[in-house]
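Structure in structure tokens, see below.
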Amino acid sequence: MTGPAPLAADRPDGSAGDATHGDIRKEMLAAARSLARSAPSPAAAMTSDLSIDEELTLHSIGWEPIELVYGVSLHSIPMGVWNWGQGEITYASSAFARSFAAATDRIHHECARSGGHGVVGVHVERTVDRHHIGVALTGTAVRPVGAKKLPTADSVFVSDLSGRDFTLLQGSGWAPLGLAAGASFVYAPRRSMGMAMKQTSQNVELTNFTEAMYTARESAMERMQRSALAMRGTGVVEVKVTEGPMEFAHHAVGFSAYGTVIRLVAGQHRNLAPRMVLSLDDPVRGVEATALRGT
Amino acid sequence: MTDTPQDLPEGASKRLAELEHGLFTSDLSVNEFLLIKEVGFHPLGFVMGSSIYHTGIQTRKWGQSQELTKLTEAMYNARELAMTRMEEEAAELGADGVVGVRLDVNYYEWGKDAAEFIAVGTAVKADNGVSHRNKLGKPFTSDLSGQDFWTLMQTGHIPQGLVMGTCVYHIAHRGIGQTLGSAGQNVELPNFTQALYEARELAMTRMQDEANQLGASGIVGVRLEEKSHQWGSHTIEFLSLGTAVVKTSGEVTLPAPTTIISLDN
Amino acid sequence: MDDVPGDLPEAAARRFSEGAFTSGLTVPDFAACLQMGLEPAGYVQGFCVMKWGSWQFYPGAGAYGGYGPSVGSTHGGYSESWQCPHGFVSAEHRVWGQNYEQPWVEEAWANGFTSAYERLIEEASALGAHGIVGLVDTSAPLGDLGVLEFRVQGTAVKVRDGPPPADGRPWTTYLAGQRLAKLIEAGYMPVSIAATVASVRVWASCITAYLTEGTNPGWTSQAVGAEIEQTARAQMAVRRIARERVRSQLGGDSLHGASMGTRERELGEGDADLECILRGNRVRRFKEFDPMPAPRPTVRLS
């Protein structure tokens, strides 16, 4: 199976950079000398949680990171909600929706305050607890280099796209709009499986249960879609679907889906015409520095 | 647009209707999304199908290694139901095929003797409006990633369907007694070996039969999975999966690859 | 470590094989450092063990029944309070709630970390190092002893033909190998690592307590399923404090490759202890912004 597409800068000789070795030594030397003489410049400090790869790809299309931004919210779930009942657990579904909306709203404001035109690389953390459902978003606000316009909270985009994915989509004519999410929580159908087993012969589908789970999954997806439509997006990419029973209440099952909403902003999609490469590397095995971390 | 098949839950038809208005959803990565576009397809929407199926074990003859045919049928039916519903959703969207199909099995604590079989993927359609459905007139399915789909199309082939063969096999207990007698020696356990061979053969043959029905010229990405589900260690399901492909009439556009040595870790 | 890259300079290869040199770097990172002209000088570490967890002796940190911490606690830093809207007082029903920063926790962490870091710098200076790469920092409790051990380690390096650091203190970074090379190519020079902890305590108001416990006494008109505003504000505040503190330490430099982690300890009845740790590389531009051309996408066949 082929892996994700690497980005190889075009070099005149078509190779991936043998020519840089001499250069990088000079660069390192220049950098060290500069540090030994300099004091920090008065320019505004940037904070970013993007990796250097992400930053380099953003730079290549004239964007830069400015600020680490976040948004957090949590909503309460009244006692007794998780006791076995019928159908959808509406309190939980709506607590999720409201927490997601409030967290997104806060990160929008943080981004606008920092002068960012949008947030990339958002890490989405959801906690579902017996008495509350919380959403925490963390990412880096970015903007075109030297942009002066101060954006409003409404006009910024939020996405969980990496710096690289953002660059690729821009190149093809697509722009991110925001994060769309949907969730639904349901009780497993009332009639215990044990009874169902005894009353049916083998080789049979358990239609009640199928219907309940299938419907819940579709609900979660549909809520995500509705959110995307409200943003007037063309599509949602990299949808992440999670599902599973609650740790504290095994008869309750939660389904969630979220992804980045995108819109075609160029007249039409621009093909990238990727080049096929055959890598001569063998996988490298070595001692990882992170193995030294105690925790 | 066909009416929503009776089999799909109400929630599905509402969701699919939204997708027909031009919004697409997909769990493809950005890379995969762009590569699908490169070969002239666009995503329509995330499609899914599921079925909760009784997987209780039938009475076993402890002394014999044998296929548990009722269970094999059950495993096959359950997955077929899930796949068929996913295909129906795709057909509802007017898709040519489904890529990136994932088959999962969920076990719930409240459902012993049953399991949920799920099939999900992204429905796609060709930009040029020419139908790319398979020989049976249904949307093709494949578990190929976006990258593999792109590469396959470059070689002049197109997926026809995800094909599978399954076999639930019970391995005789008596074999254990005999092995304990010879414990400590490095011997092959003929009962086990024989059983495993037979089971795998059955699974793979059934997969090939499915491919033949689709008129495929070959199967790519074949893999064999073994699961015990909730039956204990002497009953194993052998599942053989692959994507059946057929040569298209188009030209092969595979250019010579550039060789690189990556400097990245 | 037997697969030594074939193009290592002879001297380094000998040192490497003799075991006279130890490094936390992976083999590719090690090779990349040499290519950059960074010569490893040795593996350096700094430790510090701090007494941890007996906060009950600090003002405002304990449990005071329904009456909360001392009125108008000013510990410095962030603080917000909420009055009970219900108009009655009892031993169980809190009169007010408060979010407040806990500078004693933050200072203790800073002391522990800084001590460990300074010892690392000392070791590296003793080797005549110009910088330290591949830094790894941990803080972990030692058994049940109520102590926290801070540990910082990395590979000390010298820049071939390079100047010693102006103030005698080596520059430091979490990065090593290819990632460091790309950082330099992007026009940034590492100055030092930056790490800070922000600590906020939630002393729950009556409403927060009810919402967090999921109880909804009939006599309140509190909307069921409302946002737990006090805790949400504390979560936002703890992150903001960490970011602002690091920012104030940067001067005009930038924080690259940061990682922000938050931890919450629930203390019951809606009370909680929130901690946010922010780490990253403080870097400085040493040349004009000169981005590489847009990369060419590829699909790998194997």
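Order of writing sets the labels: A, B and C. Residues in every chain begin at 1.
To be clear about the criterion, a contact is a pair of C-beta atoms (placed from the backbone, for glycine too) under 8 Å apart; a residue touches a chain by one contact, two chains touch by 3 or more.
Just so you know, these numbers come straight off a predicted model, no measurement behind them.
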{"item": "Chain centroid nearest the full-protein CA centroid", "value": "A"}
{"item": "Which of B-C and A-C has more C-beta pairs touching across its chains", "value": "A-C"}
{"item": "Whole-Å gap between the CA centroids of chain A and chain B", "value": "27"}
{"item": "Rounded Å distance, chain B centre to chain C centre (Cα mean)", "value": "45"}
{"item": "Distance between chain centroids, defined by C-alpha means - chain A, chain C (Å)", "value": "22"}
{"item": "Overlap residues in chain A, where contacts from two or more other chains coincide", "value": "2-3, 5-6, 8, 168, 272, 274-279, 284"}
{"item": "In chain C, residues with contacts to at least two other chains", "value": "26, 28-29, 297-299, 301"}
{"item": "Where chain B touches two or more other chains at once, by residue number", "value": "34-35, 147, 151, 257-258, 260, 263-265"}
{"item": "Residues of chain B touching chain C in the complex", "value": "34-35, 147, 150-151, 257-258, 260, 263-265"}
{"item": "Chain C residues touching chain A - in the complex, by the definition given at the top", "value": "1, 3, 24-29, 35-38, 130-131, 134, 136, 138-140, 151, 153, 159-166, 171, 175-176, 179, 181-186, 188-189, 191, 211-216, 224-228, 231-232, 235-236, 239, 243, 246-247, 250-260, 262, 278, 280, 284-287, 289, 291-302"}
{"item": "Footprint of chain B on chain A - complex, ascending", "value": "1-6, 8, 14-17, 161, 165, 168-169, 172, 188, 192-194, 196-197, 200, 202-206, 209-211, 213-215, 217-219, 221-222, 224-226, 228-229, 233-241, 243-245, 250-251, 253, 257, 259, 269, 271-281, 284"}
{"item": "In the complex, chain C residues that touch chain B", "value": "26, 28-29, 177-178, 297-299, 301"}
{"item": "Chain B - residues contacting chain A, complex", "value": "8-12, 14-15, 18-19, 21-31, 33-35, 37-38, 43, 46, 48-54, 56, 58, 70, 73-74, 77-78, 81, 85, 106, 108-114, 116, 120, 145, 147-148, 151, 154, 221, 254-255, 257-265"}
